[in-house]
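Please find the structures below.
Both of the next two complexes hold chain A, though its partner changes from chain B to chain C.
Up next, the complex of A and B:
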């Protein structure tokens, strides 16, 4: 064979090899793609209630889909609808969802019933979770609801709510020589003195009393249960609880007409337009007096720590978490999504690109960028937010009542009793004695051993 | 073919034609009702495994009902709401029908206008009334302020909350009775009232002795329909008062809803619902029996 023919022959051989390789690629492309996109072809089904966090996250989801190859089917519903759907789905052992919002009020119930996957199995595996994801970076107070009695974690918080006090008309207060109230007694005085001045109500609130009222009961040294979550005996008719109810009912006498049926939005509007001076609620509802374009009271507003009771200083807080149902079909893919959605990178982008501040990663909340964006008129809103969010994780978890599985029943009874007091149907003592009896009867009916 | 053969064939055809509808009816109405009754015999809680199939004490939920003050209160609230709203709806509907039973193009247009509340989705009706009752944005409150009159917070006042629901429900459903009575009025031959006029009867006497006997069966039927329907005043209560203040507007179906979806007591909630179902069936059968008795006497 001469050189020329050898060269031709090699060329032909190479060509044949190349053709074979091409054919193989054409015939079996998936494994090769799968090596680069390990979740290619997976459709991940998740559900939560409608919240700005998810609306913003949806803008970034195409990036995640591109990176991993999976498709995200995220169903968002109104909070009560979502809770009902998720409760039914999880309780019936369904596998329709790969990841879910773990609503903090349902967290203890779901965890105790074994409906959620233990996320420590994912964070403990270096192949599944890189060290820089750092589970300990989540504010401890926000993580408390998502742990079981042994300390295992079943959810990671994507949103935190910390109770703060907003004051919209500091100008009026200064005219009257009133200072920012730091105690319940001062709060009562300021509300009463401002009420009616310039058509401004002293206080505003909204209809979910089982959220607004407990900090006052706790402030006077009472609680909703004897020792939640272990001892769920209601304590609605203790002298402290009665005092808290009486105090809060008196406080609402300085509120606009119809406040008992106010929604959160109505209350927020009353603040933003300066029709009500004080609103004590989660930061997301209070801070718009400084941050929102709608606010007509930016110049005269302050956001501060809510007043302390004579016994305790227990501002309410809450968080919402993401978790994986025990029966989810794609648990690893779901963890990949949770890891990405709650990563430091996405968290920081949400803060920087959208001003979304209610995240739960300490490293972000304490970062210079976060502080710069959330310091308004010299008020460091981030520091306030973090301070309150951390409290239940320090020492006694005073928010344990809110995640107790008995709370929905007792909270409903408490709502009714408070309305009876606030509308003058019953004196506080009688209403709370009746509420105590009803709560015990309802818990026994539901099978709780007291 | 024999006559009995024709009858048999007709019966088979009727059975064949009805079967699909009966299957659908069974699937969408009877099966859920059976499941509701079965569930009411259990202590079913969403987060208590096995509770859905625990029949160890099947009548426990029913035994607890008489001792539950909220359930007893809810029945009383339901009775007040139903009686008042049905009474107003029938009377107003009749009045409107009598006023608008005039052959005129303008009146025909007016009739259409009066039907609007009935055809609106219930949740839209609830939102409309939520706005009317909201003190800070409501035109009702603006008007009151302009007249130097202070209105109380209607939906959060013990004295007015139930009345607010009754007013909204009456606004929504008066068109139904109006339509029924108007249809009945238009079937009355003119000769009767003309003869009465010749005999010297005045308008009130004509109404009492001629018109009313004609429309009474329709008034009873529309009242019965509204009575049965009044237990479904859920959207108004959900949006306007949430059953409050306290339990002033907490009707039975709203209490059942709270039990099932807020506190997860599915079994107990089913028992409440079964009792409500039985009461509605009882009222319906009673009214039907009264109607038949009246026909028999006539």
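Up next, the complex of A and C:
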């Protein structure tokens, strides 16, 4: 056989193979493609505020794109910018986004207004959600803001924040014979006794009083509203609320000068350098005293549960969720992305490869690997985090005030009133009586029926 | 009071001027020194006045999306200024030379659009832009800024044209010049200071705008002021980058103002602001 005839025979064989393959493809083209990459070619548009979670997730997104054939266009902005833009987009019925961050302070509003897709329709369909994805694995307390009154779910949480107490100078406390405070009264005593020792302030805080103050008001048995979210009548001038305001203002007397205008990172810096002994805030702000390379107080620090009030032990918590706008063009594709981004696999990789621990999947938080990575100086930070994050899901949802649509208005009034008290301009009773009237008037002006 | 007494630099005057300058410039100087510090140095208490300056904030900005936003700001501000002048200057001239009955009503109607707060127009613009696909585009921003600057140009420029004697134009027409030539060769050169002053104000409005850019842009057309806000992260504010971004945002305006300051002073004192 010469070269030419060999070439001809190969060509014939190739032709036969190609014809057979072509016939097979012609017979079963769509199902074959559909089974592999059903959303190939789709560009998903998503938006959120900037957060380490998304910065880390972006490293893995190429894998998702490779696997599904989709393209992810993720728009990240500052929190106020994102909230403004997403609010406008969703409330005007836009379809620019396929998935969005459901900011927890806006969640109730967006869900009540029907701006988000009911995710139960996705999790309830075995073809769309495999059993191992397990929606119930998300910490219940973190999921509370993303449910409507009937219990339907409109978002899955990707980040949790649990209020903890950081103590940076246990050495000073031990010298003075002081124990870790477990009650409001003990907290008051420790702050006052440490303040000024070695140039250390008793405690530090930051300027958003409508975040810091409510746990004290609730600790004394008060609340911001009568029965949120159903009854949004402000309750700022109850004896319990006044007591909470007085207590917190007194606490801040042992804080550095100018604490009323401190930002979160100024407060964290004061802790990292050991200039202030106590900071009570979300875990992400408090745990750096143990975990950050910048910390100068690693050896003398502890992170514990925040002290309980005489009536309630209601540490604040929050979570951020991912959801799908009602008018999104590619809802099923968006759900594919959410499933992947919040999957146990990605969650565990975030923990193991980047030490990102503020996730909301119980199975990961309780895993040995997570515990190993988040146990510092014998303290199981993960257990603390989980315990606090769980609380609003057990019994009373005491964080409901924070997600009420009336809170931004009342929160502003509360901020001003507290500043008047903390700066000594008005006694707590007078400031809170005035605040109550102002809050009611402001809500009525905004169209709230009280 | 004669001229020489006005010019005399007594110690008291020098001190007063220095104090006023310090008050006026201190926020800018504080911002500038912050831009050369690390985040840790910025958050130190008390703040260190002597420190080893670093360019890391500027380098980080250069490598971030801020640089694209800066270009977007330059494009939208300069294009809208050029467009507003292109349409507004002839309109002001026409209004100046027109003596019909509805002149005052028309002038007022033009100004009304400028009196309304931007929030009144934002939502209609947002919905309209989404409908026609101009959301998050430089074109969309340029159109908005032009529509807001046009009344300003007309109202700033009209008094300049009023001060030019009509007889001058009539003489040129008698000499055989065409109307367009009269406008471009005789009238326009006489109102150059006014155009410079107006251009600065238009540029400043577009350059400093935050609200329209916040609502009408996303990522492609995001402008520098919105990009600076994006350094206020959920997990902490990147103070160094905010300061560096703020300093950079101020730079073009300062350079532009310095370049045309001669016209700016004469323009603002000879035209509409003149009593």
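Here are some notes:
As a convention for this text, the second predicted complex is superposed on the first by the 417 of 450 C-alpha atoms of A that agree within 3 Å, B and C clash if a C-alpha of one lies under 4 Å from a C-alpha of the other, contacts with A are read in each partner's own complex, and residues count from 1 in each chain.
Assume a contact is a pair of C-beta atoms (placed from the backbone, for glycine too) under 8 Å apart; a residue touches a chain by one contact, two chains touch by 3 or more.
Source: prediction; values computed, not measured.
After superposition onto chain A, the partners chain B and chain C occupy overlapping space and clash. Judged by the touch definition given at the top, the superposed model places A:396 against neither chain B nor chain C.
In the superposition on chain A, A:260 makes contact with chain B only, while chain C stays out of contact range.
Contacts of A:231 after superposition: neither chain B nor chain C is touched.
With both structures placed on the common chain, the touch criterion links A:270 to chain B and to chain C.
Once the two complexes are laid over each other on the shared chain, residue contacts for A:299 go to neither chain B nor chain C. After overlaying the two complexes on the shared chain, residue contacts for A:84 are found with chain B and with chain C alike.
Chain A has more of its residues touched by B than by the other of chain B and chain C. Among the candidate segments 135-143, 225-233, 243-251 or 279-287, the part of chain B whose C-alpha atoms clash with chain C in the superposed model is 135-143.
Comparing which residues of chain A touch chain B with which touch chain C, the overlap comprises 80, 84, 88, 256, 266, 270, 275. Within the complex formed with chain B, the residues of chain A that make contact are 80, 84, 87-88, 91, 109-110, 112-113, 115, 207, 256-261, 266, 270, 275, 405, 408-409, 412, 415-417, 419-420, 422-426, 438, 441-442, 445-447. Contact residues on chain C toward chain A in their complex (touch as defined above): 39-40, 43-45, 123, 126-127, 130, 135, 214-215, 218-219, 226, 229-237, 239. Contact residues on chain B toward chain A in their complex (touch as defined above): 43, 45-49, 51, 64, 67-70, 133-136, 152-158, 240-248, 258, 261-265, 268. The touching residues of chain A, when paired with chain C in their complex, are 47, 49-52, 75, 77-81, 84-85, 88, 92, 94, 96, 256, 263-266, 268-270, 275, 284, 294.
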